[in-house]
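Two complexes are shown next, each including subunit A; its partner changes from subunit B in the first to subunit C in the second.
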Partner chain A sequence: MVRFKHRYVLAELIFGKDLLIYNITQRVVYAAVRDIIEQLHGRYGIGLITPGLSVKYINEYTRMVMVRCRRENLKLLTSAIPFIKHLPDGKGGQLPCFLRTLHVGGSIRACQKWLVQHNRQVLPTLLLRCTSKEEKSRMRKSIFNSTLVKEEPWNEGKDDT
Partner chain B sequence: MARFCDFNVPYSENTENLHQIVEMAIKLGYESVALNCCVTPGTKKGQAAVPSPPKPVELSQATLAPLMAQRKTFQQLTRLTAIIETNEQKYKLNPNNPPVNTYDILAVQPLNMKMFEAACHDLEVDIISLDMTQKLPFLLKLTPIKRAIARGIRFEIVYAPAIRDSTLRRYIISNATDLMTFCKGKNIILSSQAEKAIELRGPHDVANLGVLFGMNQAQAKDAVSVNCRAVLLHAETRGSAVGVISIERIMKQTPGVISVERIPPASADKRTLEKDSGEDPPGKKPKMTAQKKIK
Partner chain C sequence: MKRIVSKGDAPYYYLKVLLEFEDKTMAVDVLTFRTVIMKAMMSMYGEVGAAVQIDILKYEDKTISAILRVAGSNMVKLWGALTMLSYYDEKPCAFRVHQVSPFLMAFAASSRQLLLHTE
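This part shows the complex of A and B:
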């Protein structure tokens, strides 16, 4: 039986400067979320949100973050997320950045499912970045191949080719 | 689902910055953006009280491509916000005057109780915007707000200053919740007034902010989508007689398609208006489409 119901907030990091990779870790995002909740909801808010709050997943390349919280306190988290305006970049400076909420799910699995679908939709926009014709055709081919896969890649026991 | 709109992108001469903001809005999933011109009418003598509307930002094909892939279109509107304090300034905002009627959306920002009541009761506007970054200069009262809601005027809450600074955040939250006790979450639009692209937030995040201001989830979502559409329709009715009849000039351009041009009622002859009303069956909705096909 499930004792604690959780909610997973899937968000995209959008940076002011366009770099290929950012030095962002789970701990940095966790601290930022905690800080902003303390600013906005005070000690009471931070007391409520701390049990159960964690950053479950981060992808530096696709810039996706997944933040978990207890179901009862979801409003505290979602109302605070828009106020994040910068994250520390690890060198003592601040990176201007914000989070864009994409999806709120009840399990990690549901969020992953949604994320795969979302990434498939976003793939064609990569075509616009291609410069030469050859590159474009190669990209189109690889997109076509990747979208054909029907098995869920995180399913254990059933390895896809 | 209704499209997401952001009806307050401050227009500035700095085109590069404006371009960045509009591009970010597209990236975040907005489908409609209004460039806002903020003026205090009648400050200088001899000068035109209201500037002509800003030109839309030119966008490259690459930025529009993600929208085109989903078969959506992007819309750029113009909006005029007049800060009014005296009766004289109020009269300059006559919607039939030439520079004023070229704007798509008309908004006012009253600075005192008298002007607020006037805006709620009889000014021909679509949005009433209050400067929420400080203590409101007057007390909000139920009667004028009720009247404004009955006339279909929307109240605006601006969120970007709240992101910028924590003191402004406090004022905005207190003023917004104050307004919410009268409006009960209806007739509110949430817009950005972002000075930089980084201050914009995605439509779902803005709806979450609305929850913070005291709306429920559905009302907050309406505040960025449905209510904005209602503002546009309200602006359309301003150009027509009682919101029922509008006069259009029909020009033939390409075979099969007639393009239609709206004529503001001030320039139209009253007699033609009556004649048109006789022909139209009662209860027929105003024509709001820009293009129509021949049967």
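This part shows the complex of A and C:
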């Protein structure tokens, strides 16, 4: 069976300060990736990466970006992502930022599974950074909720011996 | 009998090129020539391509021709980039690649420059 295999790169947007960025859309990240590949690898790079390149997922609150590329061009993409130095904000200026690559997966589902596990690990460190008591209690509640394991209902008298 | 398999990448490849401008009265010195080559590699292969080591072994001012040397693995890139260059500084120009060889000796006598006397 012949089909195009892709790789999904999960990256975290790091800005200078913790702001809620709602002007960063999929289109903005796509344009930034394409521009940096043009700068580093020229027209040849653009020709290599454009089929198969797309931004599959972006979350403004957790600042997660998932970029897809063909399997053959993974190295091109992962080596070019650290060169992205700024993203355009909606008003015509440039926001200095950095895309930190967290994980490379073979499918969107694999990346999502890893992301859930990663968020579970990150929550306790965020708890340490909480300043107010109300924030701390809310953090503790969300950690508690995310680490609960669903209990199987115990069936009494099911097996007859 | 020993069989030697060549992978195809010679250590260096040499190119005999000529830069032709539409304006025949253009004077190009060797530094400008190197910049033209760099711009060609930059537009085609980006900054990574422009960083490829290309040496000008010999340069002729009058004819704007040169003998270039490039690592074997980069030969195809250089040749392609030179082919795709059509403008420098808004002046139309073109690279004519006369001869390409992994051996510099091949440029000593080229059958292209042979003058055949038919009498």
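In this section, the second predicted complex is superposed on the first by the 134 of 161 C-alpha atoms of A that agree within 3 Å, B and C clash if a C-alpha of one lies under 4 Å from a C-alpha of the other, contacts with A are read in each partner's own complex, and residues count from 1 in each chain.
Please note the rule applied: contacts are C-beta pairs under 8 Å (C-beta built on N, C-alpha and C of every residue); 3 or more make two chains touch, one makes a residue touch a chain.
Fair warning: this is a prediction, and the values are worked out from it, not measured in the lab.
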{"item": "Fit-or-clash call for subunit B and subunit C when the two complexes are aligned on subunit A", "value": "fit"}
{"item": "Subunit B versus subunit C as contact partner of A:39, first or second or both or neither", "value": "both"}
{"item": "Which superposed partner A:75 touches (first subunit B, second subunit C, both, neither)", "value": "first"}
{"item": "Partner chain(s) touched by A:124 [first = subunit B, second = subunit C, both, neither]", "value": "first"}
{"item": "Subunit B versus subunit C as contact partner of A:67, first or second or both or neither", "value": "neither"}
{"item": "Partner contacting more residues of subunit A (subunit B vs subunit C)", "value": "B"}
{"item": "First (subunit B), second (subunit C), both or neither touched by A:101", "value": "first"}
{"item": "Distance in angstrom between the closest Cα atoms of subunit C and subunit B, superposition on A", "value": "5"}
{"item": "Those residues of subunit A which subunit B touches in one complex and subunit C touches in the other", "value": "39-40"}
{"item": "List of subunit B residues in touch with subunit A within their complex", "value": "24, 27-28, 62, 65-66, 69, 159, 162-163, 166, 169, 197-199, 201-202, 204-206, 208-209, 211-212"}
{"item": "Residues of subunit C that touch subunit A when the two form their complex", "value": "41-49"}
{"item": "Complex interface listing, subunit A residues touching subunit B", "value": "14, 16, 39-40, 75, 78-79, 81-83, 85, 96-102, 124-125, 128"}
{"item": "Complex interface listing, subunit A residues touching subunit C", "value": "37-45"}
